[in-house]
Amino acid sequence: MSNKLSVILGNLGNTCDRFCKSYKNNPSTLEMLDQAVKIPYVEGIELVGTWDISPSNVKEMKKRFEDYGVTCVSVIPDVFGDKEFSKGTLTSTQPAIRKKALDYLRQMSEVALEMNCGILNMWMAQDGYDYLLTTDYDQEREWLREGTAALAKEFPTLKFALEYKPKEPRNFSYHARMSDTLLAALETGCPNVGVTIDTGHGFVAGENIAEAVVLAKRAGDRLFHMHFNDNHGAWDDDMIVASVHSTIYIDLMYWLKKTGYQGWLSMDQYPYRENAVDAITESIMWVKRFAEIVDENFNEIEGLVKLNDAVATSRFMRKILFAK
Amino acid sequence: MSNKLSVILGNLGNTCDRFCKSYKNNPSTLEMLDQAVKIPYVEGIELVGTWDISPSNVKEMKKRFEDYGVTCVSVIPDVFGDKEFSKGTLTSTQPAIRKKALDYLRQMSEVALEMNCGILNMWMAQDGYDYLLTTDYDQEREWLREGTAALAKEFPTLKFALEYKPKEPRNFSYHARMSDTLLAALETGCPNVGVTIDTGHGFVAGENIAEAVVLAKRAGDRLFHMHFNDNHGAWDDDMIVASVHSTIYIDLMYWLKKTGYQGWLSMDQYPYRENAVDAITESIMWVKRFAEIVDENFNEIEGLVKLNDAVATSRFMRKILFAK
Amino acid sequence: MSNKLSVILGNLGNTCDRFCKSYKNNPSTLEMLDQAVKIPYVEGIELVGTWDISPSNVKEMKKRFEDYGVTCVSVIPDVFGDKEFSKGTLTSTQPAIRKKALDYLRQMSEVALEMNCGILNMWMAQDGYDYLLTTDYDQEREWLREGTAALAKEFPTLKFALEYKPKEPRNFSYHARMSDTLLAALETGCPNVGVTIDTGHGFVAGENIAEAVVLAKRAGDRLFHMHFNDNHGAWDDDMIVASVHSTIYIDLMYWLKKTGYQGWLSMDQYPYRENAVDAITESIMWVKRFAEIVDENFNEIEGLVKLNDAVATSRFMRKILFAK
Amino acid sequence: MSNKLSVILGNLGNTCDRFCKSYKNNPSTLEMLDQAVKIPYVEGIELVGTWDISPSNVKEMKKRFEDYGVTCVSVIPDVFGDKEFSKGTLTSTQPAIRKKALDYLRQMSEVALEMNCGILNMWMAQDGYDYLLTTDYDQEREWLREGTAALAKEFPTLKFALEYKPKEPRNFSYHARMSDTLLAALETGCPNVGVTIDTGHGFVAGENIAEAVVLAKRAGDRLFHMHFNDNHGAWDDDMIVASVHSTIYIDLMYWLKKTGYQGWLSMDQYPYRENAVDAITESIMWVKRFAEIVDENFNEIEGLVKLNDAVATSRFMRKILFAK
């Protein structure tokens, strides 16, 4: 496996839901960082904008990262936690909100550059809608295109990775699945706009995430980033990798390797009630093992995907999982 | 329509999700109450325990309710917002937590009685599990049975209405659907344990909620309470009634009338980004209209459900919806 | 409403499922045609290749259509009923099958031209896969692109409308949702390759089909055709329009008009146990009424989609549905 | 593992769907039987009524089973393939159909007894409904109760195992999930009416099938039979066991053992495009391996289900799956 492993820092923080304000304590960014770098095999960290990183602490954070010898893998702008963005950021019907959003994304892009970080991971969580017959889909998508393109052109050395998710917090997201997010990326005309796959978001979307990797490759090598977790299929449960599914992760790791994906493999969980470090460690160990399986059996897997025989694949999986 | 209309007070309060701590302001209980009683046709209010009502303010609240001339329809114990209950209340593996939960439910039962309120609406949100192969389902269901039965026996004049929901906040709830909740109610051996249907929870469960009414009737008249909202089918979006669906509400109202349901029709939404009073008013108007349609066409609908002909039903729906 | 109404002829035929070989009788193509043209407002008919139309009967069918004064709206090649195509047509791993499929599609294109029919409706039902880790997604998508492009270039005056559906008969389809089907159409580089929306397929895909219309518009006016039906959200139940949903159809009709869709509105049901003519008539009446509502309230709806207020939309829907 | 392995004979037969009449050839019952008994570890066979077994061939079949030394595990009455039952068998609104259905079920019960077979596996596939507001749920459930009870009382030595499934072929089934099927069984008042879990049906129902085992135990040891397969979560894809999921099968096998399930573990797939014998063999090998894992690690798993710690479970699963 040539890809490096990383984790989103906020995974180590407090958790909540709309019914319970706090399931854990509130560790500081520095406390979380100190824990995160000790997780086995972790070589990079993703930071949430405003919460973890901002113009006011970027110098200090850069120094910390250098001291720890870890890479800042991405900055994830907080476009989801600000009440003013509740009905959209770049797609808000209010010009002042759209401007505020674009300015904030610019600021975060600058912070990312200062951190020597290659990716702005844009999960445009509030850009979507809730009710039918309330939304000018065309106008809002156009604003989304304009804003994204403006940003990408201003920061040509930064990669803008659009992270898709079908719903939550909005009932419908504009960046909902791999293919509509690719269309959105292509619409900008900017080669530095691509896509982040979050494995669980793909499961909820009803996608095969291994095929999603291929879609991104075919659209011009647009897979910029990977987030790993698992769920029960109906919702973004943000669980430990492989808690529910197995074969799909091997299919995924095969296609990441086959398409030459060079990016990070980052853990993105939301351990509501679990010890965060332990839960992330588990995901790391699973992802690492799946990657090794693909490395060790690459030719055999390549044969299987050309063979098109469910029985042969099942035999292979038994051999892999239960070899003694 | 002989049923009265009500609303859960908290629907008028602040909203949040796991990404955004606050979409609105935080009105006080009394401010919300003042607004709620002005919503057209509202004759009752449901109160969330601890948040809205507790031993310390029950006398004052009772007085307020009398002044406003509204009924306290139910008390909903807050067993979802306390960090200590994060892995279960009556089903916690820790005896001290189980005891704390039962004591709290007792306290809320007393509060309910003091409010002359007939129903403790028990949405046992944290009683479930998240991960496979981590849970002693049998033991935890047994604790749930014991706790519920103890409560029901101590307060024989109170109705305990178990509100089911397949998931959220846990990945799997013990009270997940009408039929498993009926089994749980029957297991207690107590006639004052029954079920609350939340229409949206039923949609997410893949149930036909009209059929769920019949299931409750057949199990010994166990439908104790009704919560109304709508969603897109995959998640508890808690939207305005009839935003997405139509026919199902007529089917539902028919079976409520047919089975002699005498309880309240209560609005339970979560208007993340909407004006709460207006959104609840809309649901009230829809429910009222659906009930009127059933009243006005009862015999014709009775004929349709015996006829078993989708075409005849479609013609009826067109006549109802588009009559000029 | 400027759009004309049509029906797929096979909707009037026998029905079956994998457990029951036949729920009805087997009417002949001519018997079905004779019934279909009598359905109110129907001005066009879609024909399934091989079953209804082939080189051997094309002259006779053309004469019949002229006599009835109806238009042949599309030819739908039967690429789903032939055992040889069970693991794919244009995407089969066997070159001989791919060739057979392309030759058959050519033949059907010629038949379509002879019928003065503008659309080959390509529902590539078997082009997908069932099991994970068994498929070379990239190679198969490339074959699909090549075959589609070859066809589109050979028949530049014909529109090739790719009808998407997430699953059934394969567990995963290549043309699964609007956006991936747009990507597939764009990949061909041919302007005469576009998309068919089947409303029920969109519901199963978790899409908002009104937004899907906008996606197709933005990708270069690629919405070529519309199929109407309804379902319960989880599967392609192929039911009478508006049996389950309501608001979405108004949202859809608004965006069809707004984006200038000039194509047909065709009924595509599978009335397993219903009288087919009556069930199709119901759908026609619903679609017609929804279109009228949009015509009569166009400016008001335009205001609503710009207003972004769920309450205002709810009020409008109540006014529309329950006006007296 | 004390449970024996079996297969439904029809799994080796032809396959079809509503679009393609035949994916394979049509082997005879005897040809299928000859193949089925050679599948490793298979000691029992389930027969579909009418197709495989009827009064006319029961003597011959009994002899064959004796010759092969295999047990007839269940008879599955064909209440799904007869056009006359298209709108219900025991729940048909037509008295003559209800009578025909009951007579047929009686006949099949007699055949089962003659085969020394302990179970009538009743998958009441057509007993449900498709459209809202068309069905007298209460009356139809009452007919279902009456018919089932009549049968159970007439054949007290036979077990009647109700196999539930949320939908297909009807949009809603009366026996939809474990808990509503338990309610239906309990309503009969007959101890010889219980439930069959089909693992894939449970997945589609959104159930945790391991918990379903516990529900059946608590309702009075009502789990009579087990059918194994896998799917992608949204539909009854009837795939090879463990093609998609892993942990759930271990959870399931643990609870089968823990609750003292003594019945058969039967394979029930629908290998549309796969070699049937090979596909069934795969499922047998997976189920056998999962059972061994539970046998070998019973105490450790018992500790995990009491521990309630997702991380510990994940570590265990890694140890099990990747031990070298």
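Descriptive notes on the structure:
Residue numbering begins at 1 within each chain, and the chains themselves are lettered A, B, C and D in the order written.
Throughout what follows, contacts are C-beta pairs under 8 Å (C-beta built on N, C-alpha and C of every residue); 3 or more make two chains touch, one makes a residue touch a chain.
As the structure is a prediction and not an experimental result, all values here were calculated from the model.
The chains that touch chain A as well as chain D are B, C. Each of B-D and C-D has its own count of C-beta contacts, and the greater count is at B-D. Most remote chain with respect to chain A, judged by CA-atom centres, is D. More than half of the contact pairs of A-D, counted by residue number, reappear in one of B-C, A-B or A-C; that pair is B-C. With centres taken as mean Cα positions, chain D sits 36 Å from chain C.
Among all residues of chain B, those that touch two or more other chains are 87, 130-132, 206, 234, 239-240, 243-244, 247-248, 309-310, 313, 317. Interface residues of chain B facing chain D in the complex, by the touch rule stated above, are 87, 93, 129-139, 141, 166, 172, 176-180, 182-183, 187, 205-206, 208, 210-211, 214-215, 217-219, 247-248, 250-251, 254-255, 258-259, 301, 304-310, 312-313, 316-317.
By the touch rule above, chain B contacts chain C in their complex via residues 206, 233-234, 239-240, 242-248, 274-275, 278-279, 282, 285-286, 289, 309-311, 313-315, 317-318, 321-324.
Interface residues of chain D, counted against chain C in their complex, comprise 15-24, 80-83, 86-87, 125, 130-132, 167-169, 171, 232, 234-235, 237, 239-240, 243-244, 270, 272-273.
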